[in-house]
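Below are structures written as C-alpha cells.
One chain, chain A, appears in both complexes that follow, with chain B as partner in the first and chain C in the second.
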Partner chain A sequence: MADTTLAGKADSEADPPRRSGRLAGFLHRSETARGYLLISPTLAIMTVGIIMPFLILLVLSFWTRQGFGFDTTPTFNNYIRVWTEPIFGALLQRSFWISGIATVATVLLCYPMAYFVAFHVHRNKMLWIILMTLPFWTSYLLRIFAWKVILGYEGVINSGFMAMGWIQAPLEFLLYSQTAVIITLAHAWAAFAILPLYVSLEKIDKSLLEAATDLGDGPVARFLRVTLPLSMPGVIAACFLIFIPTTGDYVTPALLGGPDGAMIGNFIQLQFGAVNNWPMGATLSIVLMLWIAAIALVFLFLTRRAQARIT
Partner chain B sequence: MSDGTYIKRPNRPLQVYAVIFLIVLYVPVLFIPLFSFNDSIYVRFPLEGWTLKWYGELWQREPVWNALWNSVRVGVVVAVISTILGVIAARAITRYRMPGKSALVTFIMMPLVIPGIIFGVALLVLLSRMGIPLTLYTVGLGHLIVCLPFAVATLLPRFEGFDPSMEEASADLGENGWWTFWRVTFPMVFPGVVASLLLTFTISFDEFIMAFFLTGTDPTLPMYIWGQLRFPQEFPSVLALSSLILFVSFILVFLAQWIGRIGLDETKKS
Partner chain C sequence: MDILDQLGAVREGKLSRRRFTQGLLSAGVAMTMVPAGARRVMASEGDQATYFTWGGYDIPELFGEYQAKNGALPNFSVFGGSEEALTKMRGGFVVDVSHPCNQALPRWVASGLFQPIDPSRLSHWADVMPELIDLQGNDAGEGKVWMAPFDWGQSSITYRTDLVELPNGEESWDILWDPKYAGRLGSLAAGADAWWIGAIKAGVPFDQLDTDEAFEKIAAVMREQRPLIRTYTDDTTTLEQALASGEMVAALTWNSSAALLRSEGVPVAFAKPKEGALTWVCGVVIHKDAPNIDRAYDVIDSLLSVETGQFMINDYGYGHSNRKSFDSFDEEMLSGLGLSKNPIEVLQAGHFQIPQSQDWETRMNELFEQIKAGF
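What follows is the complex of A and B.
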C-alpha cells in the first residue's frame, strides 16, 4: 500500500491481489497505460468492426471479379475505370450536388430555429432541444417511408390537393426525383444542424451584443457583424455533419429517388447485390472514403480559420 | 443568463417560425399513424373511415412476431454491450491522461459521420472472407459499431461533470476500488447509463442499413418492413407496424433524453 498516492491520487482502480506482479506495478505507475488498458476492450471492438473491414475492403478493391470468385492479382483496373468511365464521375458529382443542396437548405432553415432557442427561450430550454431532436433518434427508414407516403403519386399532397380541387392531375415531380430526395434529406437530418448551431449560438457572450447595440448597431448590422461570425464554427460543423453522411445515403434515394435521384450509395449497393461485382463496389467505397477525407480536411481548415477570426 | 436586457423582448416572427418548424418536423411522421387507421388499402385522401383491422391483421402474423423477437434480442444485447464499453471508454477518457486522446475520441465517433453503407459493405466483405455466415450476431456486431459513439457521447458528459475528489474521499475513508466504484462512481453516472441503454436499444431496434447488408435468414423488424414495401397490398399493415415502432421509439428516446439530461443540469448547478 506504500505506493498508493504515487500518481497524486488515491488509487481506486487496481484490485489488491494483482499489485504484487511486475506488470501490475507498471500499470499502477503509468497513468497512460492504465487508461489504455481500461479503454482497450472498446478499441478492440472498433478494430474488429472498423479497421479490419476497411483493410480487407482496400485489398479487395485491387482485385478483379472472375466468375463467382475473385482474381487476386493486384491491379489498378477498378480505379482506372472509376477515373475514366463517365458514369462514375457523374454519379459522384450528383451525390455531392444533392447532399450539397440538402445541406445548405437544412442549415439555412435550422439557423433561425437554433437562434430562437438560444436567445429567446428562457424557460424549458431542455424541453425545446429534446423536442427538436427527438425525431432524429427514431427509425430513419420509417421517417423516409413517411415522405414516400406524403410525396407519392397518390400520396398525401397529390390526393389532398386533388380532393381540394387545387390541382387536376397528380404532380409527378414530387416522387422519384432529386427534389424528393433533397426535401427528405433536409427534413431527416435537421437535428444534426440544430445541435451544433445551438451550441455555438448559446456560447456567444451576450454582453458583446449589448456592446454592439450601445455603439449604434441596429439589429441587422449587429447580427451580421457579431452573431453570425461568432456562430460560424457551428455553421461549419453543421454543414460537415450533414454533408458527409448524406453523400453516401442509401435509403432515401432508393425509396424516393427513382432513376434521376440515384446516388453513389445505391450504386455501391448494386455492386454488392444485383451486379455482383464486389471488387468494383469496394473500389467505389474507397473512392467515396477518399473524397470524404478530402472534404473533411477542407472543413477542418475552414473551422481553424473561423476560430482564428473569433479569438 | 439574467443579464440579457433587450434580448428578453419577444420576437414575434421568430416565435411563429419556431412553431411552424416544429409542425413541419413532426407532421410528416404523423401521417403514418393517421393512415394506419384508415379503412382502405390505398394510402390517399379522402380518408375512408376508422378501423383497427390492420393492427388486428398484424397480430396474427407469425413473421412479424419473429422479426420483433429478433430485433429485441439484438437490441438488448447491443445496448448492454455498447453501454458497458461506453462506460469504460468514458471513464478512461476523462480519468487518465493519455497521449493521442483526441484522436481516440475522433476514431470512436467516426461512425456518427461516415455513411453507414461503407461500414456495412466493409463488414460484409470481412465476414465473407473469413467464412463467417450472416446471422443475428453479425447484425449485432454492425449495430455495436453504430451504437458505440452514441453511448460514449451520452456518457462522456456524465464522467466529465464528475468530481474525482469524491472517489478520493471514499478511498480515504477506507473503501477499496471495487466498493468505491459501486457506491460512489456508479450512482453518480447511473442516469447516464440508463439513458445510454435506452438510446442504444432504440438505435439498434430502428437501425436499417447495417442490417440490410449483414442480415442472414432472420430479419429484424426494419428489414421485415423493407421486404414488405414491394407489395402495395401490404402497405396498410406496414403502416400499422410502423406506427407501433415509432410510438415505442419516441417514448424510449424521450425517456433517454430526459433521464440523460435532468441530473446533468443539477450537477452543473451545484
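What follows is the complex of A and C.
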C-alpha cells in the first residue's frame, strides 16, 4: 500500500506537478476564473435546475400539440393565441388583480407589526419575531384548509355571526370567491413581509428621529419624512417577495377560488393535465414570466423616482 | 477516534479549524444518510403493487384478499379525473394497475401504455358478468382483455330531499339548471362526466357527439349552468360535505356520495332523472412496464372478489362485476341503490357512455375548461 503510493508519487513527479502548478498559476492570475470556481457548485445547480428547464419550456412553447405527441415545426401560433383570445388576457388580469390586492393588504397589515417590534420592543425581540412567524411552521395546505374552516358555510365566521344574530343566512361570498383567495394569500405570505420590513425598520438610526423631532416635526410628519422613506427598501422587497410567487399560485384558487376565483396558475396546470396541451402550458408560463418581469421593472422604476423626490 | 468535548472547545475558543471542518463534514454526511435510511425501510413495503386509482378506492376494505396473501396493502396513488391520470402516466409515471372507465378505454389502449390481461391467471374470472367484459375496444385477442371490469354505476344528481322541490314532482336534470338554486348547486369538474350530462340535457344523442353542432349545443347548455354552480371539484368529499351542511342542495355525483350521505343520516336521494342518468363501467388495466406483475394480478383478483363486491354494493352503492356479490342482497335493496342483478338493465336504462376519439376528448376538455373559467 505504502509502496504503491510512493511509486505513484515518484512516477507523477515528472509531469503533473508542473501542470497543477500551471493551473494554480492561472487561477492565481485570473480573478474571474477564481470567481467562477468559487461559485461553480451554485452555478451547476442553477444550470441543471433552472436554466435547462427554462430552455425546455422555451422550445416547447414554439411547438404544437398533435394527438399524443408534438409537431416540432417552430411556430408562433401559441403566442398569437394568447394574444388574441380574450380568456388568457382576462385570466392574467385577474391573477395580477388578486395578487396585487393580496400584496398591498399583506404589506399594510404587516408594517405595523414590524414597526412595533422594531421600535417598541426592547427585550426578547427574537422571541417576538419567532412568535409572529409561528403560523408559518405549519404546512401551507393546512393553512388553506384552516381558512376553509373559518370562511366556510358552517364555518367559524358564519356560525359566529349567526349566533350573535347579525345575519340570518350564512354569507356565501366568503368561500369559493376571489375574496377567499385574497384573504388566504394575505395571511399565508405574511412572514415574507414581516421579516424584510422588520430588518429595514430595525436598521433606522434612532438619532435621525430625534433630530426630526428637535426640528419641529410631529409624529406623523416624522413618520412620513424619515421612517417611511428609510424603510422603503423593506417595503419594496416585501412587495416583490409576495407579488411574484402569488401571481402564479395554484393551490389556493384551486381549493378556495370557486369558478370565479380561478387564476392563470390553474389554467397552466390544466394545460399540462386534462386539456393535454403542453406547448400551450409552456407558452402561458413564459408569458406570465414576462409580464411579471415587466410589472416588477415598472414598479421598481416608480419607487426609485418617488424615493428620489422624497430625499 | 478520540472523543472531544466539542461544545466545551467552542466555549473556550479552542476549537481548531480542522476539528470544525470535521464536525461540519460529519453533520453533512449524517444529513445525506438520513433519507437513505428511510428509503431502506420503505423498500420492504415498496415490493407491493402500486394501484393508481380514483379517490375513495384507496381503502383496506377492497383489498382483504390481497392483504391475506401478501401481508400488506398495495401502494396507492390517487387521481381525480382519468384524463389527468393518463397524462401523468404518459409523462413517465409507472404503476402496476390503474382504473379507467369504458369511455376512455380505447384511448388508453391506443397510448400503448398497457398490456393485455390474461384471464386464466384470475381466480374469480369465471364469475365476472360477461356483458361487462364485452365492451367496445376491450378485446385484446387470444382470449385476453385489456381491462378487467370492476365497478359500474351512474352519474346522477344527489339532492337534499328536504331542500329541493322537484319540478312537476319528477326527478329531472333540470334541477341542476334551476336558477332558483343559483349558488347552491355543485358539479364534478371533469368533462368526462359533466360534458356528457350536458349532452343529455341538450338532447344530443351520444352517437352524434362529434359534430360542430353538438359542441355548440352542449357548450350553450354548460354556459347556462356555470353561473349557478358554487364550485366545480373532482373531490367528492367537498361535494358530500357541502350537501350535508346545506351549502349545496343538489350536485352531480356518483353513486357513492349518495350512499355515504344516506348512511350518515342526511336526507338525500340519488335521482333517477326522467331524461336518463349517465351510466358507465370502470375496470382495471395493467401497465406495460408493471414492476410487480404477479402482485398486479393479486390486486385485480382482490378487487373482483365477493367480499370486495359486497362492500362496494353495500357501502358505496356501486355495482360490482362479480355476479356472486349480489347474492346476499335482495332486489328491493338493490333497486333502492339504483342497481340490479342484471347490469345491462340499469346500464341501458340510462345513457351508456360511448368511447370517443382523442381529438374529441381534447377539444371537449379545452372548451369545457374555458367555459368553467367563464368564457
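In the analysis below, the second predicted complex is superposed on the first by the 251 of 311 C-alpha atoms of A that agree within 3 Å, B and C clash if a C-alpha of one lies under 4 Å from a C-alpha of the other, contacts with A are read in each partner's own complex, and residues count from 1 in each chain.
Here is the rule we use: contacts are C-beta pairs under 8 Å (C-beta built on N, C-alpha and C of every residue); 3 or more make two chains touch, one makes a residue touch a chain.
As the structure is a prediction and not an experimental result, all values here were calculated from the model.
Under the clash rule set out above, the superposition-derived model of chain A with chain B and chain C contains a clash between the two partners. When the two complexes are overlaid, the chain among chain B and chain C that reaches more residues of chain A is B.
Of the two partner chains placed around the shared chain by superposition, chain C is the only one that A:Pro259 touches, whereas chain B remains out of contact. In the superposition on chain A, A:Thr213 makes contact with chain B only, not with chain C.
By the touch criterion defined above, A:Glu154 reaches both chain B and chain C.
Shared-chain residue A:His122: touches chain B; no touch with chain C.
In the superposition on chain A, contact of A:Ala274 is made with chain C only, not with chain B. Applying the stated contact rule after C-alpha superposition, one finds that A:Gly67 touches chain C and leaves chain B untouched. By the touch criterion stated above, A:Tyr176 is placed in contact with chain C alone, chain B being left untouched.
By the touch criterion defined above, A:Pro233 reaches neither chain B nor chain C. Only one of the stretches 153-161, 225-233 or 243-251 belonging to chain B has C-alpha atoms clashing with chain C in the superposition, and it is 225-233.
Touching of chain A by both chain B and chain C, each in its own complex, is seen for residues 152, 154, 272. In the complex of the two chains, the chain A residues touching chain C come out as 65, 67-68, 86-87, 90-91, 152-154, 170, 172, 176, 258-260, 262, 267, 270, 272-277.
Within the complex formed with chain B, the residues of chain A that make contact are 9-16, 31-32, 34-36, 38-39, 41-43, 45-46, 48-50, 52-54, 56-57, 60, 109, 112-113, 115-117, 119-120, 122, 126, 130-135, 137-143, 145-147, 149-150, 152, 154-156, 158-160, 162-163, 187, 190, 206-207, 209-210, 213, 240-241, 244-251, 255, 265, 268-269, 272, 278, 281-282, 285, 288-289, 292.
Per the touch definition, chain C reaches chain A in the complex via residues 81, 83-84, 87-88, 90, 110-111, 183, 190-191, 226, 229-232, 242, 245-247, 358-359, 362, 365-366, 369-370, 372-375. Contact residues of chain B toward chain A in the complex are 1, 3-8, 10-11, 14-15, 17-18, 21-22, 24-26, 28-29, 31-32, 35, 42-46, 85-86, 88-89, 91-93, 95-99, 104, 107-108, 110-119, 121-126, 129, 141-142, 144-145, 148, 152, 164, 167-168, 170-172, 176-178, 180-181, 199, 202-203, 206, 208-209, 212-213, 222, 225-226, 229, 238-239, 242, 245-246, 249-250, 253-254, 256-258, 261-262, 265.
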